[in-house]
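There are two complexes below, and they share chain A, which is joined by chain B in the first and by chain C in the second.
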Partner chain A sequence: MVMIVQPEPSTLAHYAVTAGNIPPIATQIYEGLATYDWDQNPQPNLATSWEIAPDGKSITFKLREGVVFHNGKPFTSADVQFSFMEILKKYHPFAPLLLAELTGVDTPDEKTAVLLLANPAPYLMKALAGRDLPIMCKSVFEGTQILQNPSANKPIGTGPFKFGQWDRGQFVRLDRNDKYWKPGLPYLDHIIARFIPDAATRSAALETGEAHFAGYSAVNYADLARMKTNPILDTTMKGYEMTPALSVLELNAKHPPLDKKEVRQAIAYAIDRKVILRDVMYGCGKPATGPLSSLFKTVGFYTDDVRNYDVPDRLKIANKLLDGAGLPRGANGMRFGMHLEVNSFGEQWLRQAEYLKQALAIVGIDLTLRSEDTATWLRRVYTDYDYDINEPFLSQGVDPVYGLNKQYLTSQIRKGVTFVNDSFYANLEFDGILNEAMREQDHDKRAVLYKKAQQILAEDCPLVWLIDVQYVSVFNRKLHDHTTGPLGTQQAFERAWLET
Partner chain B sequence: MLEGFARFARNRMALFGATVLVCLLLLVLLTPVIYPDDPFKLAGPALQPPGGRFLLGTDTLGRDVAAEIAYGARTSLIIGVGATLAAIVFGAVAGGVAGYYRGRTETVLMRITEFFQTIPAFIFALLIVAILSPSVSSEIIAIAAVSWPSIARLVRGEFVSLGGREFVQACAGLGASDARVIFSHMLPNCASSIIAVGSLLIGTAILLEAGLAFLGLGDPNVMSWGLIISAGRAVLRSAWWICTFPGIAILLTVLGINLIGDGLNEALNPRLRER
Partner chain C sequence: MRFARYMGYRLVTALPVILGIIVLNFLLIHLAPGDAASVLAGESGAATPEYMDELRHKFGLDQSLGMQFLTYVSNMAHFNLGYSYRNDADVSSLIIERLWPTSLLMLTAFGTAVALGIILGLVAATGRNSWRDNIISLISLVAYATPGFWLGLMMIVIFSIGLGWLPTSGFDTVGAGHEGWAEVWDVARHLVMPAVSLALFYLALYARLMRASVLEQTGMDYVTTARAKGQTERRIMTGHVLRNALLPIVTIAGVQAGNLIGGSIVVETVFGWPGIGTLAFNALQSRDLNLLLAIFFMSACLIVIINLIVDVIYVMLDPRMEI
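Right, the complex of A and B next:
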């Protein structure tokens, strides 16, 4: 089976680098303690059962018997302990958030691992999959430099496929793990992950049947319409239920008049999200209604009962708000000028910026676009704070803790750290709600807190939420059972099979 | 000079080039009348094929491709001419000083010129624009920075050959200052070669600008042919017109300017006069 991964990962050190292009390969090799069903409930995987202590401060995992790593070593609680404490907590980029409460892992016997927590961490139960918290083999890493370990690019895990070969610039070959613990699986003998830098060639590889699967929007959105008419291909939007992402505008509240709530709201009213969705995103997604992706609806955290910026008379409201903020139109019809930093991660962001300039001009805001290379752009926005409006793309993780905390908590105004609170949003009442929600064990109470949080954010409008992004997979109709859960391309193709 | 222009007028290819350029200039002058709106304005539905309400169709955001090309022509000409003028001024000064004073001055200036010539022009231009942050002025600076060495070498060569002539020595002997000799006597004598090479440089500069904009290093606030092509590339197979028309515009403009350059070269270069 040939899948397209775009772009080629720079490393396969899945435990230390979070980039969207690593998991499609790495999750074939590394597994997690649990996996998730379509309702996003954790299901047994490397752990067969678990129990959360009544005070929420420890989670006891019973581990599966008869699991061996690709190097022949049996999987035990020592591997869990080492993976969590020595690798993930120290090197995983999300650890400061996901594993902040983790104080230790007890191993009463070979098949029991107890995660000890300083405070309850309900969100941890959403992050046990191989994509988020993979389990590595202790004997491979012990006593070595974790980041320089040879297995970084020749991963050794427990998964259905073993690492075969990496021909840089061409492909990664994965081979069937004959000793996989699920009897009879996997069905495929090999997976080839191909790297094709040119978008047109990627599309052609699928159209000719040379490649069978392209997930995570590896195919240019503009080509999707044509591919949908191809008889050998099909598309699906499934498999991204646990990969929420929003495209947004960050507004620098240190730069007047963006310090005024009314001005920020006016910007949110002035934009027609449907145009961006249709002409920039080619329909892949839906207009964002607030700070959380609607994918959180499944788990009950999402609400659209917030200030609605997508109303028929939105332009009138925007103009009124700007007039009320003491920003009358000048001789040229403009009220004030601002710079928009163009996201440097691809063409579509320049198109979006061009649209935004037109949309804001209608209400009298004169945008000047500034496009710089990635390093300069990130430094200007997140280190120098020398920006007015920025148009990033925010991944929201598996729990609201991830997407909301890092973006809006006062404590996340961290100079020099990318994709955190750079809009200087500081609201103590809001901080309190988020911190309470982080530790609350009762799911319904958490949902109430997050609803309140979303309402406050939508009212204060520190960011403008544009599109609730929907990724698309394109696949050959001969490939079956490729998307078997909400993690889609970011979990193993253990049940996938190819018609011959 | 007049005789030169008569010769130019007899060159049919050069006349064709001149016609293209005149049409382009007319287009640039008339653009504000034909398309009074911002070329970035969303004029209608996206991806309309040419021939309907929009002469050359609309692009992925629903902007009028014809308006984009008209405004792009202005950008191309401003940057092409601006960068070439900057390159000529800088190149002529560097080459002139080197060729007039010779000796150590010449060695230093010419080594610097050669240093610039060894760097691949397009990559160097990319680097300069990336450092200065993309804008019309940084594009002019970048293109001028990669174009001046050829002018410098040309002018130096001309100056070296003029330096020994009697009229130059006579001027110096009569006590004329260096500046007077350089500007009043030597530069006018190599003007024809500078004009010929400079006109060719405009074509190269327009191509460079289109390349920079194509790679996303153009000024994002200014419409340009490279930008239209880069935006249309994603839909090349379903909406051919977005890339095709600006491509034709670039082709005709650069071809026209090159033909004019060749014509001027033949008309003004004494060695080619007899052909």
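Right, the complex of A and C next:
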């Protein structure tokens, strides 16, 4: 089976780098303690059962018997302890959010691991999949420099496929793990992840049948309509239920007049999200209604009961707000000028920026677009804070804790750190709600807190939420059972099979 | 003996040039804002300042520029090109992996372009304003004006999707496990379209250059002299005109051969060819300094060597020139 991964990962060190192009390969090799059903409930995987202590401060995992790593070493609680404490807690980019409460891992016996927490961490139960918290083999890493370990690019895990070969610039080959603990699985003998930098050629490789699967919108949105008419191909939007993401505008509140709430709201009113959805995203997604992706509806955290910026008389409101903020139109019809930093990760962002320039000109805001390469752009926005409006794309993780905490907490105004609170939003009441929700064990109480948090954010409008992004997979009709759960391309293709 | 001494002299004088290039590249690269740690952390979504400090420490970015430079030069002096932290691999192995596909593509394309260009130019010039001259001139004009990436995509549409003759992309059929001649055939099938789309532009250039050059030489006095001596037209063409007409081709080809190691980012991207061009581009985007400097260094060395070869060819073609 040949799948297309775009772009080629720079490394397969899944435990230390969370770039989105690594998991489609790495999750074939590394597994997590649990996996998730379509309702996003944790299901047994490397752990067969678990129990959360009544005070929420420890989680006891019973581990599966008879699991061996690809190097032949048996999987035990020592591997869980080492993976969590020595690798993930120290080097995983999300550890400061996800594992902040983790103080230790007890291993009363070989098949029991107890995660010890300083405070309850209900979100942890959503992050046990191989994509988020993979389990590595202790003996591979012990006594070495973790970040320089040779297994970074020759990963060793417990998964259905073993690492075979990486020809840089071309492909990664994964081979069937004959000793996989699920009897009879996987069905495929090999998975080949191919890297084709040009979007048109990627589409061509699918159309000729050279490649069978392209997830994560590796195919250009513009080509999707053509793909759908091809008799050998089909598309699906399933498999991204636990990969919520929003495209947004970050507004720098240190740069007047963006410090005024009315001005930020006016910008939110001035934009027609339906145009972006139709002309930039080719219909893949929904207009965003607030700070959380609507994918959180499944688990009950999403609400659209917030200030609605998509109303029929939105332009009138925007103009009124700007007039009220003391920003009259000048001789050329413009009220003030701003720079928009164009996202460097692909041309769709330039198209979105072009639309934004038009849309904001209607209400008298004169945008100047600035395109720079990734390193320059990230430095300008997150280190130098030398920007007015930025158009990033924000992954929201599997629990509101990821997306909300790092983006809006006052403590997350951290110079030099990318994709955190760079719009200088600081609201103590809101901070209190988020911190409470983070530790609240009762699901319904959490939902109430997050609803309140979303309402406050939508009112304060530190960011403008544009599109609730929907990824698309394109696949050959001969490939079956490729998307078997809500993690989709970011979980193993253990049941996938290819018609001959 | 004289030849060996000349070569030695040229190689020794090239050393300061290469050193100068290293220094210049090093400084230029450090002028670019942003660093590898911020790109890496940016791709990961979020990271702690401590994590980024650790990355910077690991990459050696926390040292002063002078220190970084000294470390780099001393590594180079030991033929150690360094380590690419972004790719978790040795720079030399990264480059060597790509060297074979790049040289295969570039030499095929370049060789075809030079050889065919010379022949076509000669054919056009000897039949000036005839039908074959017009056809060749027209074709070379079209080829010269066609962007390589467009040609590449059109070929994919026609020969891969439409006719199904050739694979869309890649270096060989992954996982097919071909050996011996089957592998050669497989690579050749993958090579055709990228080589053609790359060669066509150069081909047109050399054909036009060769035509002009031959026409200029045929008007020279020495041609009249040779004709007066009673030599056949064929002999005049091969013995006298061709040699002299080749000089400008060698000059231009020498300059363009410098691009060989850099590869062609456009063609590599369209055909997913694992070349050095994309490697360099990605290294620049991610501020992978060790890798980028090593590629620059190799390009510099190659250009010095090619210049030397061009000078030697001059002497072979034109006995008036001396070493």
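Convention: the second predicted complex is superposed on the first by the 500 of 500 C-alpha atoms of A that agree within 3 Å, B and C clash if a C-alpha of one lies under 4 Å from a C-alpha of the other, contacts with A are read in each partner's own complex, and residues count from 1 in each chain.
Keep this in mind: a residue touches a chain if its C-beta (ideal position, glycine included) is under 8 Å from a C-beta of that chain, and two chains touch if they have at least 3 such contacts.
These figures come from a predicted structure and were not determined experimentally.
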item: Partner chain in contact with A:Gly169 - chain B first, chain C second, else both or neither; value: second
item: Contacts of A:Tyr382 with chain B and chain C, given as first, second, both or neither; value: second
item: Partner chain in contact with A:Val342 - chain B first, chain C second, else both or neither; value: first
item: Chain B versus chain C as contact partner of A:Thr144, first or second or both or neither; value: neither
item: Chain B versus chain C as contact partner of A:Val2, first or second or both or neither; value: second
item: Between chain B and chain C, more extensive residue contact with chain A; value: C
item: Chain B versus chain C as contact partner of A:Asp373, first or second or both or neither; value: both
item: Chain B versus chain C as contact partner of A:Ala200, first or second or both or neither; value: both
item: Doubly contacted chain A residues - partners chain C and chain B; value: 200, 373, 376
item: Interfacial residue positions of chain A with respect to chain B in the complex; value: 199-200, 220, 222-223, 225-226, 275, 278-280, 342, 344, 347, 350-351, 353-355, 357-358, 361, 368-373, 376
item: Footprint of chain C on chain A - complex, ascending; value: 2, 10-11, 13, 17-19, 91, 93-97, 147-148, 152-153, 167-171, 173, 190, 192, 194-198, 200-201, 204-205, 207-208, 210, 373-380, 382-383, 395, 406, 414-420
item: Chain A contact footprint on chain B (complex, rising order); value: 38, 40-42, 46, 60-62, 130, 133-134, 216-217, 220-221, 230-231, 234-238
item: Complex interface listing, chain C residues touching chain A; value: 32-35, 38-49, 51-52, 54, 58, 86-89, 94, 97-98, 101, 149, 153, 156-157, 160-161, 164, 167-171, 174-175, 268-275, 278-279, 282, 284-287
